[in-house]
Structure formats: C-alpha cells, structure tokens
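Beneath this line is the structure, given in structure tokens, with notes to follow.
Letters A, B, C, D and E mark the chains in the order given here, with residues in each chain numbered from 1 onward.
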Amino acid sequence: MTSNTATLSGSVGGPSLWTRMMSGHSGPVCVVLLALLVLWYVGAVFMNAPTQIDRYDRADQTWTTSQLIEDTLAQERPILPAPHQVVEEMYKSIFAIKITSKRSLVYHSWVTLSSTLLGFSIGTLLGIVLAVGIVHVMTLEKSLMPWVISSQTIPILAIAPMVIVVLGAIGIKGLVPKAIISTYLCFFPVTISMVKGLRSPQVIQLDLMRTYNASKWQTFWQLRLPSAMPYLFASLKVAIAISLVGAIIGELPTGAQAGLGARLLAGSYYGQTIQIWSALFTAAFLAAMMVVIVGWCERRVLVRMGVSA
Amino acid sequence: MTQVKLDKFCLVGAVAALLALIFPLAGIDGDTGKQVAFVGDIPGLASAMALCVIAGAAFTWIGVCTILHAGILLAVAVFGAWQAIDALYDYGVAGYASTGFWLFIISLWAFVWRAIDVIANYHSLETVKQQSANIIVPIAFGVWLLFVWEVVVSGFGVPQVLLPPPSMIGVRFVSSTDTMMADFYQTFVKAALSGYVMGCGSAFLVAIAVDRVPFLKRGLLPLGNMVSALPIIGVAPIMVMWFGFDWQSKAAVIVIMTFFPMLVNTVTGLNAAGKLEKDLMATYASGYWSTLFRLRLPAAMPFVFNALKINSTLALIGAIVAEFFGTPIVGMGFRISTEVGRMNIDMVWAEIALAALAGTAFYGAVAYVERKATSWHPSFRVRRH
Amino acid sequence: ADDVTLQLKWVTQAQFAGYYVALDKGFYEDADLNVTINPGGPDVAPPQVIAGGGADVIVDWMPSALASREKGVPLVNIAQPFAKSGMMLTCLKETGVESPDDFPGRTLGVWFFGNEYPFLSWMSKLGIPTDGSDKGVTVLKQGFNVDPLIQKQADCISTMTYNEYWQVIDAGISADDLKVFKYEDQGVATLEDGLYVLEDNLKDPAFVDKMARFVDASMKGWMWAKENPQDAAMIVLDNDMTGAQTEKHQVRMMTEVAKLLGDSGALDEAAYQRTVDSLLSGGSDPVITKKPEGAWTHAVTDKSAM
Amino acid sequence: MPASKKAVVDIKDLSLTFQTADGPVYALSEVDLTIEEGDFVSFIGPSGCGKTTLLRVIADLEKATGGEISINGVSPEAAREARAYGYVFQAPALLPWRSIERNVTLPLEIMDLSKEERIKRAHDALKLVELNGFEKKFPWQLSGGMQQRASIARALSFDADLLLMDEPFGALDEIVRDHLNEQLLKLWARTNKTVAFVTHSIPEAVYLSSKIVVMSPRPGRIIDVIETKFPKDRTLDIRETPEFLEIAHRVREGLRAGHGHDE
Amino acid sequence: MPASKKAVVDIKDLSLTFQTADGPVYALSEVDLTIEEGDFVSFIGPSGCGKTTLLRVIADLEKATGGEISINGVSPEAAREARAYGYVFQAPALLPWRSIERNVTLPLEIMDLSKEERIKRAHDALKLVELNGFEKKFPWQLSGGMQQRASIARALSFDADLLLMDEPFGALDEIVRDHLNEQLLKLWARTNKTVAFVTHSIPEAVYLSSKIVVMSPRPGRIIDVIETKFPKDRTLDIRETPEFLEIAHRVREGLRAGHGHDE
C-alpha cells in the first residue's frame, strides 16, 4: 500500500490527488476491494488445497507448494474459485457473447431485472399503501399488522411453486408470477419502516396540523410523508436487494428457464462453481447498482427538502 | 342530530343474508344432474341466515355502539360460520357451493368486520380490558381468515394437493408434534437464532466501525450493499459446501441475509441524532464513545429495532430456504421440501403454520423489547388523533 | 391442432431428449398436436402441477406417482418409455465400502422430494435403519450436485447412470476409485420416467386419442434420439434456455439414457408389479399402504400401436 | 358585562389531570372563564402553572378531564373542525423540509387557497414580522427569534377570528417586541378578533389586554381576573399612566401570591 | 483595565459568513471583544443579529471565516476539549429518552463523576431552578419554561469557569426570572466565574452585567460596549438608581440605532 501511495502521489506531483481520491468514494472502495482480493486469493488457496492434494495423491504425483498454489487457482470446479477465474468467466459471458444469446449474462440479467423492477415497484407501492392504512385505520393496525408479519414468516421457497401453479392455472404466466413473489418479499421492509416513519413526526407538528383541522390526507402529504422519508429510503435500499432475491427465487419453480436464478441453479446442479460465482456477482452488482440509484434519489429528495449537506 | 345514521356494514350483512335465502345454495352435480342441496333442507343454515337478516336489520338501525353489540354480532357470525361449515361437510355442498352460499359468507364478513372494527377502537383506562380487546382483534381476524380459507377451499373444491383446508392442517399439526418439535429445534433454535444473533451482532459492530472510520464508511458500505444482494439460493449451496450439512451452514446463510438490513439501518440511525444534540455533546467535549453511547445509539435505536424486526422474519425464512440445499434429514425446510414431493401438502402447511407461529412470536418479542426500550419515541406516544 | 402441455420432472437435459426431438423434428406437428414442454426443477412437483391444471401429461417416477395417487391425485400411467432404472449409489473406494454389508455407520447422500422411495425400500429390504443409529446409516439430504462425495461429507451419494456419475468422473475421480451399486443389480429397481395423466380425463375418448398420438410421436422421437445421440443432444442444447448445459455432457447422457429405453412405450406389467411389491414392502413405513387399482392403462399405447 | 356580547370561549369548572408513570399531575383545576368576542385576554402565571395546557384545551389538542367548555357555542372539536382559531405554539414548530415561505403558506395550502393568494398573504405576514428577504431560507438557517416570528406570521396568515398565542414574543428583543405589540394591537382594533395570549411580561400583558388572567400553579387555578379600561387604539404612552402602573402592580402581587402558594 | 486581569475570551476582527443556496449570509463582521476573567458580559441586539452565532464561535460550534479568537489563550477547539465552558442553548435540547434528572447528570457522566456526586449535583442544580420533584419526569411531560430551567440546571451542574448562556430566561415569568437572576448573581459573586449571556431584556442585561455589548444586525457588528460599575453583590434595588436608568437608556438607544441601521 505504501509504495502504491508513493507512486501515485509522485506521478502527479503532489498529494492532492491522493487525498482527493481517498476522500471520495472510489479511493476507499478500491483499497477495501484490494484488501478483499488478497484475502480471497489466500482463501481460495486454502480451501481448494485439500481436493488438489487429493488429486495429486490419486495420480501418485509429487508436488511443490508453488505448484499447489498455481493449481488451486486454476481448478475447473474449485470450492472457492479464484477472482481471476470469476472475472474471466464474467468477461466471457458478458462481453464476449452476443447479448441475445442464452449464454450471455446480460440476457439473463435482463430477465431477472425486469421481474425485479416490476416486483419492486408493486412491492413498494403495496408496502406504502399498507403502511398508510395501518397508520390511519386503527382496525387495520390491530387486525392486519400481526398477519402481515406472519405472512413474512412463511418460507416463500416452499409456496412459490404452488403460487406459480395456481397463477399458471388461471392463465397468469411469464413475468408476473415472478414479480409477485418478488413483491411478496420486498413489501415487508417498506411496510415496517413506513409505519415507523409515518409515525415519527413530532407531537407538536401533529398538533399544528390539528389546529388547521387538516384532513388525514393533508397531514399525510404535508407532514407524515416528509418525516418518513429517511425511513422510506433506508427501507427501499433493503427492499430492492430483497426483491432481486425474490425474483431469483421466483425463477426456480418455473423450471428455471432463464434469468440469473436459472444460471445459479444450473451452476450448482453441475457443480460449476465458477458459473455460480459469476452469476452471484452479477446479481450482487445489479443490486448494488440499484441501491446506488436509490441512494442517488434519496440525496436528490433530501436536498430538495432542505437538509444540509 | 335527529337523522339516524344507517350502519352500512350491517346493512350489507342483512341484504346479503336475505339474498342468500333466495339464490341457489349449491350448483349442479355433474353426475346426477341434480341440484346438490337447498337451503330449505338444512334447517340450521336457514335459521342462521334468517338470524343474520334480523340481526343485520336491527343493528342497521340502532348502530353498533358498544362492546356488547359487537359481541352479539360476533356471536351471530360464529353461529353462521358453524352452520356454513356444517352445510359444506354434512350436506355435501363442498365443491358445489354457489351464489347463495357465497352471499351468506359475504354477510358474515360484514358482521365480523364491523364487530372487529368496534373492538379495535375500544378504549378503556383499565389495562386488563384494553389488553384483552387488543388481543381479541388479531385473533378474531385470524380465525376469520382461516374460516374463509376453509370455506373457499372446500366450497370451490380446490384439490388438496394444491391447498388443503385449515382443518386438515390442524389435524396434521396436532398428530405430528414430535416430528415438528424436532424440526423446530433444528431449524429455529439451532440455525435461525444463532444466525440471527451473529448476523445482527456483527452488522451492528461493523456499522459502528464503519461510522467510526469514515474511510471504511466510504469503502465498505457500497460493497456491503453487494454482499446483501447475494441471492440466498446462490449462497446457500456454497455455504453447504463450506460449512457442511448441519445447522452451521444455515446460520451462515442467515448471517449474510440479515447483515445488510442491520448495517444500513444502524448507519442511518447513527446519523439520526439532531444537530442541536450533537452540539450539546460537543460542548461537553464528549469523546467519541461517550457521544456514541449517550446520544447517537439511543437516537439510533428506532432504526436498529426496525432492522431487528425485519431480520427476525428473514432469519427463519433463511434457515428454511437454506435447508432446501442439503441438510441432515431433520428440519422444517427439509420436511417441507420432502413432503411436497410426497404430496403430503397438509404436513407442508402444518410446518408453514409452525414457522408462522414461531416467526410471529419472535417478531412479537422483538417488538415488545422495542416498546420498552424506545418508549420515548413519538411513534409510541400520543395516539389520540 | 390439439394443445398438449407436458410437464417434465427435471431441467432440460438429454433425459428428456425424446420429447424435444419429437417437437423439433415435427413429429408432434405431424400428429396434429401443438405441444408445450415445461421443464421442471428441484422444487417442481409434477403431480402438483397436473392437479393444479398446469399440464395435461407429466413425466414422473412410478414410486412418486403411486404415492401421489394415494394422496388423492388420481394419476394413471399411460406409457413407460424408460424400461430400466438408472439409479445407483456411488461410493468412494477409499472409504472401504465394498458391499451393502458395509453400509451401517456410513453417511449416505439421498435425493428427497419424492425421489427417496427407492432408497428407502432398498434399506428396508436390507434391514438397515435410516435413523442415524449405530447399526443404521446416517442419511443426508443431498443437494443438487456431487459435492458431498468429492468433499467427503458423505461416503456414498445417489447418482444416475446418465448424469451425476459422470459429474463425479469429471471432477477428476476415476472410475477405478469408485464403487457403484446399481438399483437394477440389487433387485430393488423401480420404474422411472413414465407418462402420467389424470384418471378422469381418460373417460373422454378424444383425450385418449390425443394421448395416443402424443405417446406415438414421443416414442418416435425417442427412437430417433437413440439412433442419433449426437444430434439429439444438440436439439436438447438448443432448447436449454439457461445456456448452462455442455455438449459433451449431453451427448454422454443421451448415450446412457438410450440404454434404459424400452422397445415400445407400453408399460411392462411384470416391471410394474415388481415396483409395487418393492414399494409395499417398505417395512414400518411403506411408500404405499395398499395395492393401487387402476394406476396404469394400456388403452393409450394399444391405440397408438394400431 | 353587556349582554349583547357573544361568548367566544366559555369554560366552567374545567379540570385536567395528566396520568404519568409516577402518579397524576393536576395541571388545571376549577377553571371558570368567559372570553367574549373582541376580548384580548392575557394569561400570566408562573412557569408550569398550566397556561399552555389551558390554551391546548381550548384548541382541542388536549381533552379536559372534568368540567365544561364551549367555543363559539360548540364543542372545541367542532370549533377546531370549523378552523375557528389560529394557534402560535410556544416552540416555533416549523417543518424543517419547507422554506420559510412555504412554512407560512402551509395552512393556506390546507385551506385550498389559490397560489397567488397564498403567496400574497405569506408576503404580507412575513413583512409584518420583518422577515421579508428570508422567504427562501430553511428554518435551520434562521435565528431563534426569527423562527418564532416565522411561526407568528404563519398563524396570522391563517386569519382566524380567534387567535391563541403561547408566548409568541418571548424570544424577541424589546424593539421588535414593541413593534409587534403595536402591530397586534392594530390588527385587533381593526378586525375585532378575539385573542388569548400567554405571556411572562407584566407590562406586555397590561399594555395589550382587555382582560388579564393571573394563574397559580399545581393545580393550575385562576387567582385573579383583571379588566383594563384602555381604549383599543392605545399607544405605548399609556405605559406611563398611573392606571397602568396600578394594574401592573396588582398583577405582580397576584403572581407573587401564586408563587408563595407553591413554594 | 487593570493589566492583572486575564483575558478569557479574546476576539479580534472576527467575521463569519454562512454560504447558503441563495447567496452568502454575513452573520458577523469586524467583531472585536475581550472578556476578562470574572466578567459578566451581556449581549443584546435585534433578533437575528448574530448573538447566538458569536456564542457558538466562542464554543467552537461554528468556525469563524475570518479574524482571530482565543479562549483562555488557546484556540476554541482546545478550550472546548478542556471543557472550559458550560453552554445553555436557546432551545432546551433535552434528550427525550432521559428523565430530567438523567438529563442533568449527562455532562457529569461524561466527566466520569461518581454516582453519588452526580445525584448530589443534579439535586442541587434542580433545586436551584425550582424543579425538585420533577426528577423522574421526561422532557415532554414538562412545560416550556420548565424544560428551559432543566437545561439551565444541566449547564450549572457542569460547573465550568466560563458560562455561555443563550437567552436562558426567555421563557420564564418575572418572579422565577428575578429569582434565577439573583441566584446567578450570587453564583457569579461567589465563584468568580466568567459569564457570556445573551438576553433581550434590557433591565436584565443592566442588572446582571459588568459589561453590556450591544449588537446590530446583518452583518452582526458590535456598536456599543457599556461597562457598569455596580458591585458584584448588587441587589434588585439598584434598578431604581439613576445610574441604572441611564445605562438602560443608553442600551435602548443603541438598540434602536441598530434597528434603524437595518430597516
């Protein structure tokens, strides 16, 4: 790291770039990434070593440590694939292949992303609507809330096939069933947070609206919703990640024909760890991108709401 | 005010019950070509419908004002529900239910909803009364949901391999307690709880570390997003590969699932303290840790509990789902996937019910602690408006 | 053309090559059928799908189909393309497992989700408890792949002759290092991939006719696939939406699957009887409790033979 | 009391007890009071004696636990629903995500006034409290006194017939305070509004009011009601009149008695 | 000025500009001021003139954009870290999750005092502001004035040599205010503390201070510094002395000039 610092600052003639980089996001991310990368390589060597040694033994082959390290990082089905293997696979399946091809991760990402986005939109809407109902209607709070919670304790993977079958039987196929499963998973964090957020206005602020005899609706728009914004965005970041997971889960019972879920499944079915990891990383990357977008919206909204930087 | 306010729900209930008496109760049997059953043949059901018409009409006028009224409505509804079940199973309406039957169910729905509404808005200074009202509402609502489920499944003749009626699930639940206890111990106690504690705990600590070291905040948080988004079904096989078949791999999956919600909420919460309060601490030259414990953590608590609540449900789901990818032959997830394959869907639902029960209780416990720990938060105060 | 929806038991692979070939080569079209093939997966239960109206005909294993029949899904076998079982238990030689006598105390990987019946009846025939006790075996619910064997989390795992076995080989373990127990050889084989429909539908002659044409065309597909394993594998690959299958693996699978196929699609009554007996003899926990009635018919295969 | 005058606030034997974790707090007890149309009533009393609570009961923000109260002949709830009053809270209670201007237009939005009307009213009200030029600032960019003034502007823009003001000028310097006192008096003289006004300043109370209510603490009671006879269009000069000083003295004595009562 | 006295606060040509979305706000400009040990300095000026800002700069809660400032000879930051001052904010700033007593003991906890010592000091401070009996209540169960007093008690219990008080008595009635004025004077006379005190009340400023700083707004400037010659152990009687009235007049004139300057 230190030599890195030296060359970097030396080459641009001053420490300013370095400090500027480190005070932004990219610099720290790179450093942390680098650290993780090193850890990962070490981990890969250690986790893959036993099977590799096993293989040497079976082949009655003698081996040296450097050879071992080299081989553990180049296995076909490693327990933990090395970063460069994953990158290589991702490069192959993202850039080296036509994006319309079934082997292109871009194609599969798009399949998953479309149901994620649909599910996320419906889920967010549903989550907010439920929260609004719960905050405003005492009966709903007392009767519905416990069941909303219970609904989340139902293992979705168990009922996803039944959902798909039932929806399929009434003619709903394709994108929608997957989106529904994604909705089911992601509406909950939104509901919980929004219930909290919509109840977070100060007592005096609620009193103020009351003196205006503001309708529930007006109090909602003018006071409750703005106060709930920090809660909403925190939950949206969680929800978008979860809705991606939901979309992937939804892909399994449809015969896992396409999408990142199908890739994951096919990968684990054939023990192709590299394929699993590259699908996994693509999914994580997608989610991170979406979280970044939500974060960007959050900042825009907060700035409009006059929150100081 | 001289004008009488008509109670809409009771009106709907009365009218629906009246129509239920007129419309056919059941459809035509495909084999015999005859109507399956008539209201006239079932005295219990007929009287229940008549009762609904009378009670509905009466309450439409006088309104449902007191707990006693609500109780009477509930009692009428319970009697009606009992008769409806009777008609389904003893008079062969199951699978052939028609307009009349469903109208009757709608009538019952109107009564139940109105009664629940009244009880939910009940206020009493006596805590015992208030609390029993608070408990009755979700239970009545839940029992009602189960009833609707039973009636819809039986009434439409849904194949039980798709969705069994709750009565069947209940029988299964009671008759397989041994298996279910073992599954529960494996999945909930061993896997879910330990994963939850480790996941939430580590995320909390990381959140504090991230907050303490701005470098990490900027470097780790964006990557944390990515970890959270690792889809469980991709991670679970890997965890089984790494940590073996037993509960440890499930706990690992849960750690990954619960980590991010906790991280995001805690980091958000740590920034929730007001500017004035921060200034106050600054005037005391309060050190980092002192400010953390005295100001920022208390202010963060509402957010932290948010995450704890969300995670309480995620943990159980995670444990169950992870068991789909390899387990010893015990556990709720194992049982669910195996029994689906065996077409024992009632057992599947019994396990799901157990999961829901455990998860809800878990959530309830967290919510209870939240209420105790953050009673100062505006959301727990002043609920008059 | 008549619409037919076929629900497979597993993902798109050469195990189902016959149907894909029939679709691809226009055999179905020739029979005036408009066939949709839905792949299955680890959590798709074909009996559930057909009961929910999601398919007209399904591919299932007989133990699972008969168990479902007892649970109220009236499945009837109308054809049995696979005459032989491809199930095996594959052990690492180095663990010292030589014969079934060595099983007690071992950890065995087993597929569940309705695929555990053959294993359970085998164990009950051997008199080995599966509860993890000293004299019994410890059973693991095996996941999707062969990792438990390679990582030595299990002494033996379930494999199919046409699939997982080759994955073990691909993982760098030579055939010499493995000890396999074929269910066929152990005399506990049960019938695998067959075609099943709902009993009620068979009352309708038009449906029987449709199925006859379907089975006929499917068997044509199977015969073509058997003769042209290379091309059949390519057709399967074309139909694999995940893009995850490899040509090498599918060709090999096709070759192996071909060895399991029967001469005609008709169910062999003797084999049926053997399966039923094996399932009934499941000790304290038999897979089915009574002899099934009307669980198969030759009505369809007879008609297609004409 | 001429019978022709309409009672805007009519309180009989009002009491209010807060239930807290460590026992009840008797905030108000045996309060009898009539505020007539066009009255300017000041409430004065030791800190914690129940002034805010009384105003909150009038505004239907708190429910009395005993006694009777009617506003314009109807219940406080009905009065609130008819938007019968404007309220200035003791704390500014500005919404942090709205600029000052939009904080002032908030009640007008809720009343569904047209945009021009809102802007116009906000502009006038802000000018009255000398905050013109700060329309686009956010609350946290204002000093304490300026926030207080913004909240006064908000209540004034609302233009209700009954004004409930809880220490509106507490955080202001003498000059601004005098100026606002004057403006308030003018407004009162011009519009025949009824004002209930909490203050801690005896001169302010005497200068502004037609009636001064002196309260004593725990439980909050009314211990003196003093009517002043100054004309509505009074000026600051009256502060030097003996009548003024006499009333101020009486109020001070009442206050002192209230304190003695407590400690 | 006797050279022997130590300068506690030393400000030279201080200026502070806030950058806001719609242009800079000049909050302070060319401020020169020395506060010596044992001084009681009152700041008075129109609302929004920069009094709070100045106190915040002294407390190192805001960084000056120009000029120099030292506290006890060191930078404000170092002074803050040495816990050189106690600060009473314009708003009460009580933590909602702590009872009144625990709000008062908060700084003492931070200073790691023993539990008995904390309770004792909190008890004394609460007694001083007449809040005994409210130890176990939570902030939202207190009236506005009581909250303000709780925050004063918190600052007093801290017992720093320099007290920064931003309108501490704004929300209090005359009697309590007089009482607290007296207590504060006693404390000051007894301990030789240095006090910087923002107020809007001219009599209060004159009564309490050894030095009155009159400010004018936008940009906040010091337009007059008036020294009073009353002894430290003065009583309320001095309010009737001609000297008192003269100073009060001078302050009022200064204030008025400041206002004129602006509008």
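Before moving on, here are some points about what is shown:
To be clear about the criterion, contacts are C-beta pairs under 8 Å (C-beta built on N, C-alpha and C of every residue); 3 or more make two chains touch, one makes a residue touch a chain.
Remember, it's a predicted structure, so these values are computed and weren't measured experimentally.
Annotation of chain A and chain C: jointly contacted by B, touch as defined at the top.
Hopping across touching chains, the smallest step count from chain B to chain E is 1. Looking at the partners of chain A and chain E together, the chains they share are B, D. Chain centres here are C-alpha means, and the one lying farthest from chain D is C. With each centre defined as the average position of its C-alpha atoms, the distance from chain A to chain B rounds to 25 Å. Here the CA centre of chain C is 84 Å from the CA centre of chain D. Distance from the chain D centre to the chain E centre is 28 Å, each centre being the mean of its Cα atoms.
We define each chain's centre as the mean of its Cα atoms; on that basis chain A and chain D are separated by 53 Å. Among the residues of chain A, those touching two or more other chains are numbered 79, 157, 161-162, 165-166, 202-203, 210, 252, 265, 268. Of all residues in chain E, those touching 2 or more other chains are 91, 140, listed in ascending order.
Shared interface positions of chain B, defined as residues touching 2 or more other chains, are 162, 237, 241, 324-325, 337, 340, 377, 381. By the touch criterion stated above, chain A contacts chain D in their complex at residues 202, 204-205, 207-215, 218, 222-223, 226, 229, 305-308. Put simply, chain A touches chain C in their complex at residues 51, 55, 58, 76-77, 79, 101-104, 108, 157, 160-162, 165-166, 168-169, 252-253, 255-258, 262-263, 265-272, 275. On chain A, the positions that touch chain B within their shared complex are 22-25, 27-33, 36, 47, 79-80, 138-139, 141-147, 149-159, 161-162, 165-166, 188-189, 192-193, 196, 199-203, 206, 210, 230-231, 234-235, 237-238, 241, 244-245, 248-249, 252, 260-261, 264-265, 268, 273, 276, 279-280, 283-288, 291-292. Interface of chain C with chain A (complex): residues 8, 11-12, 38-45, 48-49, 52-54, 143-147, 150-151, 167, 170-174, 177, 240-245, 249.
Within the complex, the chain B residues that touch chain E are 276-277, 279-287, 290, 294-295, 298, 301, 374, 376-377, 381.
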